[in-house]
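What follows is a group of structures, each given as structure tokens.
What follows is a pair of complexes built around chain A, which joins chain B in one and chain C in the other.
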Partner chain A sequence: MTALFENAIPLAALYGLIAVGYVVIYRASGVLNFAHGGLMVLGAFIGFALAGIGIVGIVVFPLVILAGAAIGGLFYRLAMRPMAGQPVWAAVLVTIGFGFFVVIGIVQMIWSPRIRDFSGDLGFANGNHEVLGLRFSTIELVLIASFVVVEAALLAFYRWSRSGIRMRAASQDHHLSAYRGINIDIVFALAWGIATGLVMYVGFAYSVDARLDMGAIGALALKAFPAALAGGMDSVGGVVAGALVIAFAEVYVQLEVDPLLAEAVPYLALLLVLIVRPWGLFGTPEAVDRV
Partner chain B sequence: MSSVSRGAGYFHRTYSQDLQQVNTRIRRVGLAGLIVLVLLLPTLVSGQYVDLAAQSAIAVVGALALNILTGYAGQLSLGHAALLGVGGFATGIAATEVGVPWPLDIAVAMVAGAVVGFVLGLPALRLRGLYLVLATVAAHFIAVYAFSHYQSSRSGIVGLTGMTLDRPAIGTFEFNTPTRWYYLLVAVAAVVALYNVNVLRTRPGRAWIAIRDRDLVASALGIAVVRYKLTAFVLSSSLAALAGSLLVYYNGSVSAESYTLNLAITYLVMVIVGGLGSTAGAIVGAIFVTCSLRLLTFALEALNTSSQFQTDYLIPLQVVLFGVLTVGFLLFEPRGLIGIWNRLRTYVELWPFGRRPLAERRR
Partner chain C sequence: MNLSNLKRALPALVLAGAVVLAGCGDDDEGSGAASGNGGEPYVIGATSDISGPVAATYGPILEGLRVYVDQLNDDGGIDGHPIELLIRDHKSDPALVASDAKFFNQRETTGIFYAGPSSTLASYLQSAQDAPTLYGNACYPPAPPPEPAPNFFCVGVSPATDAKALVDLLLAHAEEEGKAPEDLKLALVAEDIPGCRVVNKDVIAPDAESRGIDVVANEVVPVTVTNLTPTAEKIDRAGANAVIHYCLSAQMVALGDALGQIEWPGSYMAAGNIPGMIDGVAEVKNPNFFAFDWFGLPSDDLAVFDDIEAAAEAHDAKAPIVDLRWGWSVGIVLHQALEQCGFPCERSKLLEVMGALKVDDPTFLELFNSPLEWSEGNHASPSKTYRLVGWDDDKQEVVGTTDWISVDEVGMGGD
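Moving on to the complex of A and B:
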């Protein structure tokens, strides 16, 4: 029982953080961003490169987020903005081409494709802590705390801040909000920046905790799709429920049934959600493109 | 006989003229030249290029299969690698464990592909667009789980590296050289291409295009959307399984690790780079994607042959270039290579020939 909670809660935080990135971008531009895996790898390598030149571990995290925000905004401007007017799947394929191939290839050329273990380079020990009778590593606790903070911050952002309200308006109707004087380019670039900064930070934190394994990170990013969809692709709060359900189901199967099957569990859940309730637990039914 | 005369429009005076595929002298000469070139290719180039050509032929079959589903019926799928895998594993199981003789196991694989395609198509009856893409991604990973589960349940070397297949043979004629393979694969690819061209002119083909362009209108016009969507999935999956089957015979082995999401993306990119919804486009795209990266590798290998250099820079460079190719085509030429070709043709027809081009060309 403790093993289930010790493994599933950090995994839920990981899925949740990645899935929130999907939701922010989906709400803004209606695009599924398949580039998250590649961006997480990029975040990890940028983080370790910064740590390698002697920057203290604590400072590296905000720098990675800033780098991610810049990259996300730039990616929107250079690759997503020109896709306006094209079918949405074309934009999705652009994110696939960028995330699966361009970013990964460049990272491999600069830093080598091998699995790396950097956890010693950071200047602080990733120790174990006991919380409520469960043992978590420092980074796992940081990830769980980040997930809570990010959820609260995003909900508040959408609810009260001017930019957040603009973002909501723009996602409801691009044209109408543009007529009312909202600069939708800036709003969307902001959404891409937030999401990219977030996932690059998650990629870095995850690689500190485990190892920097591109294949594992890519698989993790894809398995966060079921979490986002189960909660509702357009629901920031729903992600919490989606991530918990998917993570607990996966870890339960991993521990009790078959580790190989556990890899397929999120996708089985995804199919189930798509068939039964495609808009997810907390999403809006109209947001789904159904036949 | 010629249905096109200079500067006079495009007249098809009889129904048989309209049905003709190769209806002008230029087309007849071009087709004959192409056939001669394809037949003579193994005598013109060295072994590794014949090998590349054979792989391109398999890719053509796979891309044509995906083109039915994505290009004609408009159902975007990232489950293509899983279908190739179904073909591969069905072949492997039929040949090595059940003992089905050679050409029959490919037929078994196609039937298996059709069945899986039917199941894969069921979500498409409820979902479209990005949600369907997610469903096919999920199907991909579930299929890959099934493959690796099957593989790891076998004992010994099969459990570790997958099944190995004997070289197929007709009588005493064994397919053991790239050249022999090349002719077989090109023949199969040609048949599949011909089938593709013709199926477009049948009722299902027209139904697919109607569904792709607007499924609501299609159903209002009395097209059985559900039936034809499933038909597209079944046909496409069956042909994909054929490609997967040929691929494992060509490689001589089946292994779950080779069916990655990247493979599915590669096939989708072939179809898009060639030109979505065009048979010629799928063929050109498959050949272009298969060859361009490999030719680049050959060139760079000639410059520097250390294997360290290859793993550190060549393979990543291929990956980057593939991504740039994908993004570049989507951003700057969404109609693909066939779009470029049609534009060039229109340009040349207007000047110097002064002929009014057709509004839009497909095929």
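Moving on to the complex of A and C:
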């Protein structure tokens, strides 16, 4: 039982943070961003490069987030904005091409696909800590705390901030929002910036906790998508439930049944959700049309 | 095209350009041809997983070969003839492996170097036809005895031989710790790759059991697994005090790390000859994490590592020096085979040379630690020396922790 909680809670935080990235972009622009895996890898390598030039870990993390926000905004401006008016699937294809081929290709050309461990370069030890009788590494605790903070901050952002309310309005109806004076370009760029900063941070944090393994990061990004869908593609709060359900199911099967089947659990959950409740646990049925 | 259309198209053009650039990085045709001298080149096809799911394991083997060849060409090639490597990236995709083999056959390359997981082997064999092939992996059939294919050769030994050596080393290590074979509770771990699963189930488990070791678990984990801590927990719960993990470096290192994280007290042994492992052992710094290794190490102060390091620096190798060992060994073997074949080297002549090739020069022995000798009945190394290596906290590097043992090639029974 202890092993289940010790493994599932950090995995839920990982899935949750990545899934929030999917949801933020989807809510704003209706686009499923499959560049997440590539962007997580990019975040890890940027962190790796910054650590390599001697910047201490505590500074590397915010720098990766800032770099991610800038890259996300820039990607929206250069690649997604010109897709306005095009079918959604065309925009989704652009994200796949960008994440899987452009980003990964550039990263491999610069750094090679070698698996790296650079936690020692960050100036702190990723040791174990006992919390409520459960053992977590430092980075796992950081990820769990990050998930809680990001969820709370985003819920507050959407509920009370001017930009958040504009983002919600834009997600309801792009044209009407534009007619009402909302600059939807800024809204979309903000969404892409938030989501990209977030997933690049997660990619870096995961690499510090485990190792910088491009294959593992890519798999993680894909497995987090069912968490977003299970919670509801337009529900930031729903991500918590989606991530917890999928992470606990996956780790339980890995521990008690078969690790090979465990890898399929997120996708089986995805299939189940699509059949039973396509809008997810906390999503809205209207969102299904767009999916 | 008006300005507005141009502006809309510009980002797509930039992305397309980047994709093309990335593609150029993958398929670097003609490495080594430009350097060297004016002689006609030996053209060799070379395909490996350079950017796919197990690139970290197989990419550096090809990179080691490339660096050797580039350096050889800089030094004048083979009697004035450089080696031109046509490099392709198969990403561990059987379809790409097949298309690479066909591509090389269409270009009529003198031979092919192919590195990749066993899951791509059938596809390669079907498409390569009779092309002389140097395989960069553990020597799966049809390289080892009893019936090697006439064109398929391997710089290494069969997984069955590795498996026997692993059990020998496990017993030797246990003896040092004062344990008898019956005190050992062994867990076996492999990724979901046919070659790895078969070695655990059909070779290591029966061999260990026949020598009195209790095999308490046999775990198969996915290649894509992102967290091996639950597997470490299962091993612990099964009561194992020893683990053998024979497969991919990324997962072997990750499990070594996970076992250290849960403070499991047993001995963990993984295959150390493949790229990524020695650095992995150094990164994890788990005193119970051992790798069984065929090759010499930089910590052995071998002169050959100075050569590799110089060549790697001159020819822009991205992999760590220690990961270039296998490819460098392949380079020495290819060099000798082509030298004996002469120029021009027809495929039939090369096969004749490879069928009776013996490589035992001091540089090769320094690195590979045992001579390579192919014969009609064996296209793998006739025997191999092994030892365990591990992290030395005092020296802050990976060092040999046991004496070398020698194991004869046991063959794969024609499976």
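Criterion: the second predicted complex is superposed on the first by the 289 of 291 C-alpha atoms of A that agree within 3 Å, B and C clash if a C-alpha of one lies under 4 Å from a C-alpha of the other, contacts with A are read in each partner's own complex, and residues count from 1 in each chain.
Here is the rule we use: a residue touches a chain if its C-beta (ideal position, glycine included) is under 8 Å from a C-beta of that chain, and two chains touch if they have at least 3 such contacts.
If you're wondering where the values come from, they're calculated on a predicted model, not measured in any experiment.
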{"item": "Partners on chain A (chain B, chain C) - clash or fit", "value": "clash"}
{"item": "First (chain B), second (chain C), both or neither touched by A:Q254", "value": "second"}
{"item": "Touching partner for A:A79 - first (chain B), second (chain C), both, neither", "value": "both"}
{"item": "Touching partner for A:F101 - first (chain B), second (chain C), both, neither", "value": "both"}
{"item": "Which of chain B and chain C A:T196 touches, first, second, both or neither", "value": "neither"}
{"item": "Partner chain(s) touched by A:S29 [first = chain B, second = chain C, both, neither]", "value": "neither"}
{"item": "Which of chain B and chain C A:E263 touches, first, second, both or neither", "value": "both"}
{"item": "Touched partner set for A:I115, first chain B, second chain C, both or neither", "value": "second"}
{"item": "First (chain B), second (chain C), both or neither touched by A:N128", "value": "second"}
{"item": "Contacts of A:L271 with chain B and chain C, given as first, second, both or neither", "value": "first"}
{"item": "Residue range of chain C overlapping chain B upon superposition on chain A, of 19-27, 253-261 or 361-369", "value": "19-27"}
{"item": "Chain A residues contacted in one complex by chain B, in the other by chain C", "value": "79, 82, 94, 97-98, 101-102, 104-106, 108-109, 112-113, 260, 263"}
{"item": "Chain B - residues contacting chain A, complex", "value": "76, 123-131, 133-135, 137-139, 141-142, 144-145, 148-149, 152, 215, 225, 261-262, 265, 268-269, 272, 311-313, 315-327, 330-331, 334"}
{"item": "Residue numbers on chain C that touch chain A, as the complex places them", "value": "7-12, 14-15, 18-19, 21-23, 25-26, 50-51, 53-56, 59-60, 192, 219-227, 229-231, 233-234, 249-250, 253-254, 257, 261-262, 276, 279-280, 283-284, 318-320, 323"}
{"item": "Interface residues, chain A side, partner chain C - complex", "value": "3, 6-7, 11, 78-79, 82, 94, 97-98, 101-102, 104-106, 108-109, 111-115, 117, 120, 128, 135, 137, 210-211, 213-216, 219-220, 223, 251, 254-255, 259-260, 262-263"}
{"item": "In the complex with chain B, residue positions of chain A that touch it", "value": "32, 79, 82-83, 86, 88-90, 92-94, 96-98, 100-106, 108-109, 112-113, 222, 225-226, 229, 260-261, 263-264, 267-268, 270-271, 274-275, 278, 288-291"}
